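What follows is a set of structures for review.
You will see two complexes here that share chain A, one where it goes with chain B and one where it goes with chain C.
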Partner chain A sequence: MRELQELSSKLLSEGDVSVVIGYEEGPRGVRPAFIRTPEETNRLVFDHRAVQNLAVYLSPRRAHLRKRGRPAVVIKGCDARAVAGLLRESQISRDDVVLIGVRCGGVYRDPESNGPLSEENVADRCTGCDLREPGHVDHLVGELPSEPPATDRRKSRIAGIEAMSPEERFDFWSSELERCIRCHACREVCPMCVCERCVCEKTDPSWVESSPHLRGALAWQITHALHLAGRCSDCGECERACPAGIPLSLIKGKVNQVVEDRFDYRAGDDPDVPSPLGDFRLEDDQEFIK
Partner chain B sequence: MARIGVFVCHCGENIGRTVDCEAVANACGELPGVVHAVDYKYMCSDPGQNLIKEAIAEKNLTGVVVAACSPHMHEKTFRKATEGAGLNPYLCEMTNIREQCSWIHEDRDAATAKAIDLTRFISEKIKRNSPLAPISISLERRALVIGGGISGLQAALDMADGGREVVLVEKQPSIGGHMSRLSETFPTLDCSQCILTPRMVEVHQHPRIKLLTYSEIESVDGYIGNFSVKIRKKARGVDETRCNGCGECQSVCPMKKIPSEFDAGLGNRTAIYVPFPQAVPNIPVIDRENCLRIKGMQKKKAKAACGRCAEACGRDAIDFEQEDTFVTEKVGAIVVATGYQLYSIGKEQTRKGITGYGEYGYGTVPDVIDGMQFERIASASGPSGGEIVRPSDGKVPKRVVFLQCIGSREPSKGIEYCSKLCCMYVAKHTMLYRHKVHDGEAIVFYMDIRAGGKGYDEFVRRAIEEDGAKYIRGRVSSIQREGEKVRLTGFDTLSGEQMEIDADMVVLATAMQAQPGIESLAQKLSVSYDGHGFINEAHPKLRPVDTNTAGVFVAGACQAPRDIPDSVAMASATASKVLGMFSKERLEREPTVAGVDKVTCSGCFHCERACPYGAVERYEVLNRSGEVEKVIAEVNEGVCQGCGSCQVACPSKSIELEGFTDAQIFAAINAL
Partner chain C sequence: MNEATAARPSSEGEAFEPRIVAFVCNWCTYTGADLAGTSRIQMAPNVRIVRLPCTGRIDPLFVVKAFERGADGVIVSGCHPGDCHYTAGNYHARRRFAVFRETLSFLGIDLDRLTFSWVSASEGRKWSEIVNETTARVRELGPFTSYRDLVDEG
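Showing the complex of A and B:
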């Protein structure tokens, strides 16, 4: 923690960056902090509660933040996948940002948890994480903690849905998505939702119905999932943000699995590795067009 | 208010047999916005087109829907008719009730209902069509020809004679291609060199042809009318401006035993060499792998090795230090004429999935040669001066066995196609042989004889009837050395007999394959190729010399196995296409191209990655103080082929294809 605070203080005082985006104590666990002076850097914290994906603040959709000057941002390995995505898709250039990577021992599902990490409280994405030490960063801080406990919670839920008949599955998702109020919180927190104008907002024609009706909700979630195929950083923020408690990360988790099975690809922290959505290989298995 | 006319075609019986066209017209007449609906036997005929023109005039139509065959077939026809009646051609659309309906269904009622659905679909779309005007783009009226075989030469000459400048790029030290190595050519037996070399000289001397030999295409940028091509001139080791082709250097080179590529390994050449005496340009090249001096330089030896050629050269033309250089040429059209290579019978293959014929002993059993080697043996300019002798001992072979279809038509070996001209050149070989060795016996093993073409079957008959070639329908299963002889074991499929023949020489008529490395050239040009590496034509029947990239044409054996007449015909066809294109000052092209919504584009460049033609470029949006606000996509209208891939890839639907806008497609889908 000291290391992170000192580094941030140095970056700010030397004028390298004009803001450090990190975590601070909040009313419910930790919350994103925008630190502008070296004096404030003692507010920075990092521990198992740091679940939020701060890469979202780099997106050009947050242009008002960008106007404040060059940021440094604290990222975990999973967040590094989103940063790589933004770089890959020309949303930011590498010089515009300083990346402070933190070695990570896993995070809670919910920032309000406390106590040691356990099978019950650990975030799904931490199981089998191969990016506990993010690459392609400017600074790397902290000691590498021990591996977080593993959970197969999400895997078994997905398996449960896979085992359903198509009708049952449709009913399951209908009952979940019926609750969607189309607030688009899932989109707002998604670091990979970089469109200036979401297709949901497109009129003439209006491809995705905008009222909170099952039809539109289904269309929106299918669109979101497909647009994220091979791009999703699996931060789980969509599900965490959803006021209706819809298990969105089951959809994303499944799509990520499909992409991995089909294209042998997992979103990683290297922006130079093309994602399947923007790449093709002759040896790709093309059974879907046969 | 839309005023749509619907015109339903019977296509003779093609549609009418399965679809009740009158019922389709009647039903469509009731659709909202449709003010006129008729059916007719042949809508594409003159009276059919007149029905459209008259209706446009009389009923004041704002849109025309023709329910008929594929737009590939007749969209142009009907758009032209529409334009003729004063309506913008893009206000005419077709719906395909033949391929998508009558040809694939049997139940008349269901097919009729589907035809109505399809027509309703398009009539909703057309309500949202807007008039489009052709796009005009600038045009560089010079052409590039890649490959200097007979195809490339012919294309270059035709275009240059037509008044246009041509850049001809050949990767070998001389132009001429395979034809320069042939002895005499079917179906007339005229001497290949005699008809080819004058053309080579003509190309060399033509004021409008810029010849770049020993050169290869490095990269291709741009689009129809405006290509920019970077060409690598490989280091020849000889200064072309100084050399006068005297040949002194060759005579002093001590490396005299290098197998000559031109003579298919039957003769030898030196390390500095002109591939053959009639080569154009008559300027030697240094084979860097075999030159003692250059090898010494590469090993950084302190003392300069050899260098005799440089001493012998009276014009100081030899330059061991020469390096590859690059030139960039701006051209408006490109003709690909890179020809073929012969299938190798041995183990080593240049293409994946292809195996050789171990059982035929090529390369291990002496006196088993391929067709090109036979050409060299029979050629007056060949290593034996045209005398038919076998390579192992220089004796005149008294019995020569020719095997057809080696590699070709053999899916298990990787090539399922017919190489088309082996039947012909084998017949030619038997004749050449019998004309020179009167007491010799020519035996041919064949699968079928494919001699379609003017004078071709007669030619094969002549070989059999006048020159006494013995044709056996069958296959040879093994070839082995038996003392002085080559023993063939085979099977005559007509008599059902097992056979064993002792021959003095065996000639294998091997398949024609695409050039090695053609894929990388094709990718530079964005043209597609088939699984064998042959360049794809845009349409097998109607556009045989176009490729799928506008402004790039294809001629000769790089498109499929082709003989000389075919190659020359294709080459002239490409020249006529290019000259036609160059007859105007600017190019007009279809307006159905993509356009980006500058306001909503977020610059993710999924479209750039999706575009198979490289049409998406980067555009900087500046703010009031001139700083870059964001970088977004922009479509180059000259390059865009209107495929729509970008439109699908764009997550925010910020890119639209004119004529196929989201609004049009959405309305059409909603009509179903």
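Showing the complex of A and C:
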């Protein structure tokens, strides 16, 4: 923690960056903080509660943040995958940002949790995470932690849905998506949603109905999942941000699984690995095409 | 409600005729379908064709929209690998639809309602088979009620 604060203070006082985006104590666990002066850096914290993916503040869609000048961003291994995605797609330039990588031993599902990480309170994405240390960063802080506890919660839920008949699956998702109020928190919190104007806000023609009706909710979630295919960094922020508690990371998890099985691709922290949906092989499987 | 929905038989006694939307590429499948027509090949009249420049132009949202507007089945068809007029459009589409169909399946849409095929400009016969097979399969499945209810209710 001390190391992170001192580094941030140094970056700010030397004028290297004009804002450090990190975590501070908030009303519910920790919250994102925008630190502008060296004196404020003592507010910075980092622990298992740091669930938020701060790479979202790098998106070019957030032009008002860009105006604040060059940022330094505190990123975990999973956040580094989102940063790599933005770099891969030339949404940001590497020189425009300073990356402070923190060694991470997993985070809670719910930022309000406390105590040691356990199978019950660990975030789904931490299972199988091999990025204790984010790569391609400018600075790396923190002690090397032990591996987070593993949970097969998400895997077993996905398997449970797959075991249903198509009608049962449709009913399951209908009952979940019926609660959607179309607030688009899932989009706002998504680091890979970079469009300046989202397709679901286009009204002429209207591709995705915007009223809080199951029809539009289903179309929107299909769209979001497919726009993220091969791009999703699996940060699970869409599900955490959802005020209706819709298990959105099951859809994203399923799509990521399909992409991994078919194209042997898993989102990593290396921006030079091409995205599978922007690429193809002549010998790709086509068993489903007649 | 759009015209296509209004034309649908609604009374109980009438046999169910599936309504199928085909998204096809201009260069191969559309021409193949044209050949099927000029060759006077008989086939099920249930398919409405939407012609697009390339399978790479087919946004998965088109398919979702077709279901929203009351389609019971969808065909997506284009040039065989290697034949794309734009060199690689169908290769990109192949990857996209591989992910798309599994996503739809996970969300509860029966994959038997979807047909993907490669039909070249000379394969009028194959096109008629795709149309007949898909129509028969979707007729067997019946109307896509789960999605239709969702369309009708508001």
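The definition used in the following text is that the second predicted complex is superposed on the first by the 284 of 290 C-alpha atoms of A that agree within 3 Å, B and C clash if a C-alpha of one lies under 4 Å from a C-alpha of the other, contacts with A are read in each partner's own complex, and residues count from 1 in each chain.
Definition applied: a residue touches a chain if its C-beta (ideal position, glycine included) is under 8 Å from a C-beta of that chain, and two chains touch if they have at least 3 such contacts.
Predicted, not measured: the structure shown is a model, and the values here were computed from it.
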item: First (chain B), second (chain C), both or neither touched by A:Gln91; value: first
item: Touching partner for A:Trp207 - first (chain B), second (chain C), both, neither; value: both
item: Which superposed partner A:Cys238 touches (first chain B, second chain C, both, neither); value: neither
item: Touched partner set for A:Leu99, first chain B, second chain C, both or neither; value: neither
item: Partner chain in contact with A:Ala82 - chain B first, chain C second, else both or neither; value: neither
item: When both partners are placed on the shared chain, which of chain B and chain C touches more of chain A; value: C
item: Which of chain B and chain C A:Trp173 touches, first, second, both or neither; value: second
item: Partner chain(s) touched by A:Leu7 [first = chain B, second = chain C, both, neither]; value: neither
item: Which of chain B and chain C A:Arg262 touches, first, second, both or neither; value: second
item: Chain B versus chain C as contact partner of A:Ala219, first or second or both or neither; value: second
item: Common interface positions of chain A, toward chain B and toward chain C; value: 199, 207, 277, 279
item: Contacting residues of chain C [partner chain A, same complex]; value: 60-61, 64-65, 68, 81-82, 88, 91-92, 94-111, 115-118, 130, 146-147, 150-151, 154
item: Partner chain B, residues of chain A touching it in the complex; value: 60-61, 89-91, 194-199, 202, 204-205, 207, 227, 274, 277-279
item: Complex contacts: residues of chain A adjacent to chain C; value: 161-162, 164, 166-174, 199, 207-208, 213-215, 218-219, 221-223, 225-226, 229-230, 251, 254-255, 258-259, 262-263, 276-277, 279-280, 282, 284-286, 288-290
item: Chain A-touching residues of chain B, taken from the complex the two chains share; value: 599-606, 609-610, 630-631, 649, 651-654, 662-663, 666-667
